[in-house]
Every structure is written in structure tokens, then in C-alpha cells.
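Look for chain A in each of the two complexes below; its partner is chain B in the first and chain C in the second.
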Partner chain A sequence: MAMTPKTSKPRDLWERLQAIDRRVLYTLLLVVITLPLFKPIRLPMVTMPSTQKLYQAIESVPQGGFAIVSATWSGGTRAENMPQTEAILRHLMKRRLRVAIFSFDQQGSQFSYNIASRLAKEYGYEYGKDWVHWGYRPIVGVVLKSLVRDIPSTFATDRDGKPTRDMPVMKGIKDIKNVDVIVEIAASGIYMDWIGLVVGANPNLKFGFCPTAVMAPETYPYMDSGQIVGIMEGMRGAAEYEKLVNTTGLATKGMGSISLAHVLIMVLIIIGNLGYLATRARGS
Partner chain B sequence: MDAVWQDILSRPGIYAGAICTIGLMTLIYRENAFYRFFEHVFIGLAAGFSIVVLIKEILDPFLYQPVFKKGEWYWTFVFMFGLLFYFIHSRKYNWLSRLPIGFLMGFSAGQAFQGFANTYLPQLAKSFRPLYVTASDGSLDMAQSINNLIFMIVLVTVMSYFFFSFEQKSKAIRNSAQFGRWVMMVAFGAIFGTTIMARMALLFDRMYFIFSDWLKLVQ
Partner chain C sequence: MLEPIVRFFAPKPLSVLPYYVVGAVLFSILVIIVLINLPSRARKPLIAIVTFLAGLFYATEFFWPIDIATNKNFLTDYLVPASKLGSLLGGMTLTLGILSLLRVHGRNIARLRSGWYNSLALLTAMVAMVIFGLIDKYGTDATAKKVFNVLFEGMLINMDATMFSLIAFYIVSASYRAFRIRSIEATILMVTAFLVMLGQVPIGNALTDWLPKDGWIASLRVENVKQWILSQVNAAALRAIAFGLGVGGLAISLRIWLSLERGAYFEKEI
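Right after this comes the complex of A and B.
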């Protein structure tokens, strides 16, 4: 499926199938991605057990429980991490949990604040009372080790520099034992730091992870062992979660396009392989 | 024409984002100056952004504010200790840079040890699974038993593939390693599949931005 080599021209149809101009492929891809925007395709969606488990874990937290959301992502993975962040925050606010948000990425801090501010208005969440944004924090290991022992000192100020200690949302929160659920939304392997430094410190803590689809397969063993309660896998996971919280967001809108693109890629793989097999058979 | 200018001036960020997106996507056709220009714009923006983050989000809240606003002068010593890193550029005094490097290495090693224990010991413990699983009423839980059997076969065969310390003469070991290799291929295929899904999501996001946020052709 590479660009046509300049040195030798394909001789017949089978060789041409293996050497389709990449510009033709990209154009086809753009068409199948864009088409469902104008003519939406609604496919039946089956929720994966990993997404369902994350949903159930948050559902099991009693009202008023304390949740920490870490949004360690930037503009580059906005397509996947933004709908994930929105779906998780929507669920936490629907459940009336107290929410604290922060990020190990400056862009993620700003993105998550914008999303949370919008949702807070929708769900009547009051800043400082029902939710707080701790802002951007550098150096993962130091923050996580400190968070386990002393949350008010680790996050002494919010993103605007206001002291958090006396905020009602922080009432009764001293260390990791007072936290019910942590959800990390990330485009990196930061879940390993959470598992290594935080998760074991509170046996009742529910740790959920929302990775980009690229990273999802490597995280499954940790869900199998119970170290991660549930996984929201990329945009597809976000679409499933949107369905669970009864909303239609960017992820749901994108599923038609992504499904069509997958079909196209599978067809191209089959065509390329047919061409390869036919050429090899002829050669032998 | 006035309406277009009015639109541009009312949301310049969206227009800038759209032009950058189209500029970078021209690479699909071929390498060109338009693409190169926007690539350099992005590199410049990223470099500038990281400097602003360093000053605004790290030096200001963790050094300037505590030392000069709150009178916590002792943080100055930490800052000066960190500055020792720069002696790495001095031939005569580069040994000084080893002090903060050694400190960080010690910190990282201790943290990695804790991380390793917390990450992998539970994994080891969970790897020991019964092959005969009983349901709450005492009957055989067939589905879970099969799952555990598959898990055990995959675990053993994949591990046997990594027996590199001795020659794999036994046919049983060789077949097991071969099966382990195939199982890993399936896993790599799954990773590749999800990678494609992720890339398609990024493309969808850009197309949505172009047609919804910028051109407002779709809701």
C-alpha cells in the first residue's frame, strides 16, 4: 500500500492493488471520516466490561464521597481525552460527589477547568463547596508520595492561588484514606505511578484509568488483578460512558466516522493481501 | 466581505487553528513550504509555551512566592542546589553537578523500588488461580474455569518463549515457545488495532473542528 515506486511500474491489476497511491488512500480516509458528520450513522453500541466496571465503581461511592480527577493530557490527544474527562466529570457531578481536579500537564489543567466550569453550571455545583481545581502540579512522584500522607499540604492552594484548607469541599480530607475514588485521564503511562505509589495505600480506594486507545491493551492486566477498577478506552470508551450517563457528546458523534474508517482500513488490508498472494502465486 | 472579516475578528483563534490544521494536512499531498512553515510555527509555539509554563507555573509559585512573598527564605537553598546542575558545562567544577544528580538518582531509585513492589507483587499473587472454580452454590463455574485455564496456558507459554539462558532443545519447550510467540503476536495485533483507532479519533477531531467549529456546517 505504499506510494507507487518510481523505478518500476506495476504490471497488472494485482500489482497495482499493492501500490495504490497514498494520496488516494488519504482522500478515501478523509471522505469516510467526514461523511458521517453530514449524514450521521447510529450504530448499536455494546458497553465493554472495562467501561461498565468503571461506571459501577463510581456508582458504588456514596453521595458526598470524595473523588480526585487527574487530567494529564494536552491538545494532542484532545479527541480522546476531552470526551473522557467530560463523561467522568458528568458522572461524578450527577452522583453529587465532591470533586477535586488537577493535572500534571499545564494544558490538561486548563482544559479540565473549562470542562468542569461548564458542567458545574449545568449541575449546580458551587466552586469551593462542591468542587475545586488544584491546578497544574509538576513532578509526578513527589506529588503522589505527598498526596498519600497529607492532601491539604500537597494542594495548599487552588489554580488561582487561593488557600484550599478552609474550603468546604476539603472538609474531612486529610490523607489518601479519605479519598473514595481517583480517576486518571492520561495519554501516558502515568497509571504505573499511581499504582506504585498511591493505590496500595488505601485498600478501599477505587482507581479508574482513562487512557488513549493506543495505551489501553497494556493496562488490562492491572484491571485483571484489581489494581485498576475499570478502564475507559479512548474515544470508544468515552462513547460507551456517554451512553451510560445518558448524554451525547463528541465521542458518540465520532463513532460512525471511526467505524467507517475501520471498515475502509480492513478492506484495504484485504485488497493489499489479495494482491500480494496473487502476485506470489503467479511468481511460483 | 464585511461579514467574513467580522467573523474572522470575532473568533481569530478558531481561524488560526483551522489554517494551521489545513497547513499541516497538506503534507498528505506532498512535502511543501506551506507545511514547513506551520511545522516551525508549532515548534516555536511549543518552545515559547514551555518557557511560560516554567516561569508562571513552577518558578513563580514554588520559588518566587514562597521566598519573596511569604518569607520562606530556606527554599533559596533548594534553588541553589538545583543550580548546581549547570556546572556540568564547566570542566573544572563539573563534579558539583553530580551532587543534585546523585540526589535525584537516590530519590528515583527508592521510589522505583516502592513502585515495583506495589505494582508487580499483586500481579504475581493474582497469577495463581484455581483451574476448578466453584460458584457460590458449590457448582462448577465453567466460564471462569476456562478463563483461568487460558490465562495459565498463555502465561506459561509466553514465559517459555523468554527462556534465553539455555538452548531450547526439548520439543515441548520449543512448541510452547512457538505458541507463546503466536499469543504475543495476537497481543501486538490488538495494540496495533487500538493505535489505528486512536489515530482515526484524532483525524475525526480535526475534521469536526473544521466542519463544526470553523465552518459551522454541522452541529
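Right after this comes the complex of A and C.
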């Protein structure tokens, strides 16, 4: 007969501190995430050097320069990558740079098109003249390898299948040497492909990366080496960027929720450890 | 020499596109049939030759000196057609994946196996997405386009976000239960994690906001401590890991390129 594992009941307060019911934990998290969305908390926001560097890199591109934005993310990381995409596109359009967008993810392609279309109206950007969306492109390696040498052939059509070669936005764009800035917004380690295949091919190219917060630590060595000019770290980075471009978006609004969720995790870890240390001291 | 290839792969008008699609499908089926019917002893050398030639192409194109005037070598012009060929192969693997799904879940439905309704939901969703996706891309029917919008933006994207957001709840539960300071190393790890977490959110910044922003004392602000941990301690460790991964990746690439790799996917009789 199959035996069901028996769970012993906590005996005292210290043991109870180590065994809080998970339903309580889930409810607490739900409360701390949703509450600040209805009742915003005002908190000081310090811009990190990594975000500032990315902002400065885009600021240094002359008006009319050519920027490529790759939005390799999907609905799963929308909370972080969507405000990042919006903040970057807003800055590029504010600076009146020519913008080309594409994605290695089907969902990212749709998301980035929706965001860019909305911002284009706001900034008076004309499709085909000021910006273009190259759509979804599969297979990272082969696309990056060929865009280094021949951009018009690599992205011969836009997301709707229209030829891009004669679009005014593509004027003078032949290969990677004609690109001023590339920003990859991703929830994966795709930055390695960009660094390995693209970044070294144009010494003047500025490559920025916008990862999810959990991805950010592994990208620091590449910012030190200068291969990545700046990093926008998750939702926090997006909130900093929103501050730099003078706007209040989803990231700024979400900072209260993120803050309280972090505090909740820390408090719970401390409570669990207090119980653990007390139990251990009693045992010894 | 390249012109016919470039012309063949150039975007096609909608009037002739279906013929090209049907032609590509028939050609793919023909290639797959030929490959399946190849004698077993001929398949391995064929795969080894194709792998070697593909690797040789990219390696030679990368290392061969370029003509300064044109910024190209004799292989550069073939890069774009090669990338298109790569995309086509990716498309074929997707087809194989779909065929595999149809076979496995179709059998579940036909035999009314346990959970057959899940298989039915999967196949229905897949077929609906393909049909309405094609209409959205090439058709004009407004209702079908709205249906695709509901399926893609209303359902798929939100379900994806829902699945991912569940992780937050598991992280809270797991970190509370598993993170115990059983040793000095675990204590250091926890203190470091706390500092990075506090530095990552504005509420952490608020804790040390009273400290001056300039001078040596500013180094004690939590966001600066976090930045130091990430850019100095963390970056140094990651550099070492990345170096090891790079060397390992090079070795594995060479083994695959030269068909020396053994183990899963390589030794099994195909």
C-alpha cells in the first residue's frame, strides 16, 4: 500500500516561524504587489551608472543617425521588457534618429510594433521615412552574420512584406558601418551573439543592452570591456530611463510594488532564519 | 553567378507566392523522403559532409583576408543566401516539430487515452492560430483578423505572462524555505544578496538617502555598494566562468564540425 508522507506539526513559535503556510506567503505577495499600484508610494530614485551610460551613448548620436532596436522578448517578461522598449524608442524618437526595429521572437515583433506605432504618432514619425519594422526574424546567428555585411538584403522586406530597399529610412544604409547604435531588449543571453558577430565589425558602433533584472549581473564584464556601452537593468533600469527622458511610465509606477516585494522576501528569509537559529541553539 | 540565386530568393508578389509555397513544401517532402530512404551507412557520412562544408564556409569567410577596396572576400557575397538557407532549414525543423505534435497528440485523441481532451485543446489551438495567422497576414477578412487579435494578443500573450508571473510566487515560497544560514558561506551569500536586492529597488535607496552623494562616504550608499558588488566581485567571477565557457564552446564546436562528437544524438543509429 502506498504510504503518504506525514508532516509533523510545528511544536513551538520558533518552528512555526519556519513553516508559514504557503497560501499566506502567496497572499502577502499578492497584496504587496497590487497595493502600490492603487496607492503609489513616493520613493527616491537614483540613476545607476549603467543606465546613465546607455542614455549618454544615445545622446551622443547625431540627429538623423541610424538606430537598430531588437526586441527579443515575449509576454512572459512584459513587465520588464515593455517599459524598456518604450523608454528606448521614446528616447530615439525624441532625438530624431532613424529607427529600424525587428525581433527574434514572434511576440516581441508584435509588441514592439504596437509600441512604436503609438510613439510614432506622438513624435510625428512617418513609417518608411523615419522608422521601419523589419518584423520577426528566425535564427539569430545567420541573421546577425549577414546584417554585418549587407543590411538591405538581410532585411529585404518589412513586417508586412513590403520591400525596404527604397524606403527613405534606409537611405545610405548598406552594412554595419552605417549603423550608429544598436539596442537589444531581451530576456535571454542573446547579447553574446551581438558581441561575437556584430559589435567588433564597427568600432564606432554603440551597443546597448536591456536585459531582465535577473540577467543583468552576467553582462557587467562586457560593459567593463566597452563592448556594451550601457545596460538598462530590468524594470528598475526602465524607471531610471523614464526619469532621464522625462516621462512617467509603467516602470516608474511599478517601483513601489517591486520595492515592497523585495522587502517581503527579505523579511520572510529573516523570519525563517530566526526560527532556524533559535531551534538550532535549543538543540545544541 | 549569384544573380539567379538572389532572384529566386527575392520577395515574391502575392499572385505567385502560393505556387512558391506549394513548390517549397513538395521539394521539402521529396528531400525528407530521399533522406529517410537512404541506407543507414550512407546517412552518417552525408551528415558529416554537410556539417563540415557548412562550418568550412563560415570559418573561411570569417578568416579569409578581405579586399580593402570592397571590404569583401570571395565568399562574402554568399553570406546572405546562406543565411536564407539557414532560415529555410529552421522552417523545415518547425514543420518536423508540427508533424511530431500531430502524430503524438492525434494518436492520443484517436485512442481516447487519458487526458485526450488536453491533446484536442492543443491541436485545436495550434490549427486555429495557423489559419487565423495566415488570414491576418495575407487575407482581408476583418472578422478573421479580429479573431487572430483575440487569439494572439488577448490569449497567448496574457497566458504567457500569467505562467511567467507564477514564478514570483514560487520564488517567495522557495527562498523563505530554503535560504538558511547554515554556514559562513551561506551567511556571506545572504548578506550579499540582501545588499544587491536593496540596491536594486528605490526603497533600499531610501534607507541611505541621508548619506551625502559625493565624497568617500557616498560609497556606503546602498546603491553604490550594490554597484561595487556587481561590477567588481561579480564581474571578476563571471569573467572566469565566461573564459571557461568560451574555451569549452570552441572545443565542442570543433568536435561537432569535424563529426567527432559522441554521446546523445551522435552515436545512436540513424
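Note that the second predicted complex is superposed on the first by the 278 of 284 C-alpha atoms of A that agree within 3 Å, B and C clash if a C-alpha of one lies under 4 Å from a C-alpha of the other, contacts with A are read in each partner's own complex, and residues count from 1 in each chain.
Here is the rule we go by: a residue touches a chain if its C-beta (ideal position, glycine included) is under 8 Å from a C-beta of that chain, and two chains touch if they have at least 3 such contacts.
Treat the numbers as computed from the prediction; the structure is a model and nothing was measured.
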| item | value |
| --- | --- |
| Combined model on chain A: chain C and chain B, fit or clash | clash |
| First, second, both or neither for A:A213, with chain B first and chain C second | both |
| Partner chain in contact with A:H262 - chain B first, chain C second, else both or neither | both |
| Touched partner set for A:A87, first chain B, second chain C, both or neither | neither |
| First, second, both or neither for A:R236, with chain B first and chain C second | both |
| Which of chain B and chain C A:P138 touches, first, second, both or neither | both |
| Which partner, chain B or chain C, touches more chain A residues | C |
| Which of chain B and chain C A:L17 touches, first, second, both or neither | neither |
| Touching partner for A:P221 - first (chain B), second (chain C), both, neither | both |
| Chain B versus chain C as contact partner of A:L29, first or second or both or neither | both |
| First (chain B), second (chain C), both or neither touched by A:A57 | neither |
| Doubly contacted residues of chain A, that is, touched by chain B and again by chain C | 22, 26, 29, 33, 76-79, 138, 141, 145, 157, 161, 213, 216-218, 221, 224, 233-234, 236, 258, 261-262, 265 |
| Chain B partner contacts - residues on chain A that touch it in the complex | 22-23, 26, 29-30, 33-34, 37-38, 76-80, 106, 135-136, 138, 141, 145, 157, 161, 192-193, 195-197, 199-200, 212-214, 216-218, 221-222, 224-227, 233-236, 250, 253-254, 257-258, 261-262, 265 |
| Of chain C, residues touching chain A in the complex | 6, 10-11, 58, 71-72, 76, 79-80, 82-83, 86-87, 90-91, 152-153, 156-161, 163-165, 168-169, 171-173, 175-177, 179-181, 190, 194, 197-198, 200-206, 209, 221, 223, 227, 230-231, 234-235, 238-239, 242 |
| Residues on chain B engaged by chain A in the complex (per definition of touch) | 28-29, 49, 53, 57-58, 61-62, 65, 107-108, 111, 114-116, 118-119, 122-123, 125-126, 187, 190-191, 194-198, 200-208, 211-212, 217-218 |
| Chain A residues touching chain C - in the complex, by the definition given at the top | 18, 20, 22, 25-26, 28-29, 33, 41, 43-46, 48-50, 74-79, 107, 110-111, 137-139, 141-143, 145-146, 149-150, 153-154, 156-157, 161, 163, 175, 213, 216-218, 220-221, 223-224, 233-234, 236, 239, 255-256, 258-266, 268-269, 271-273, 276-277 |
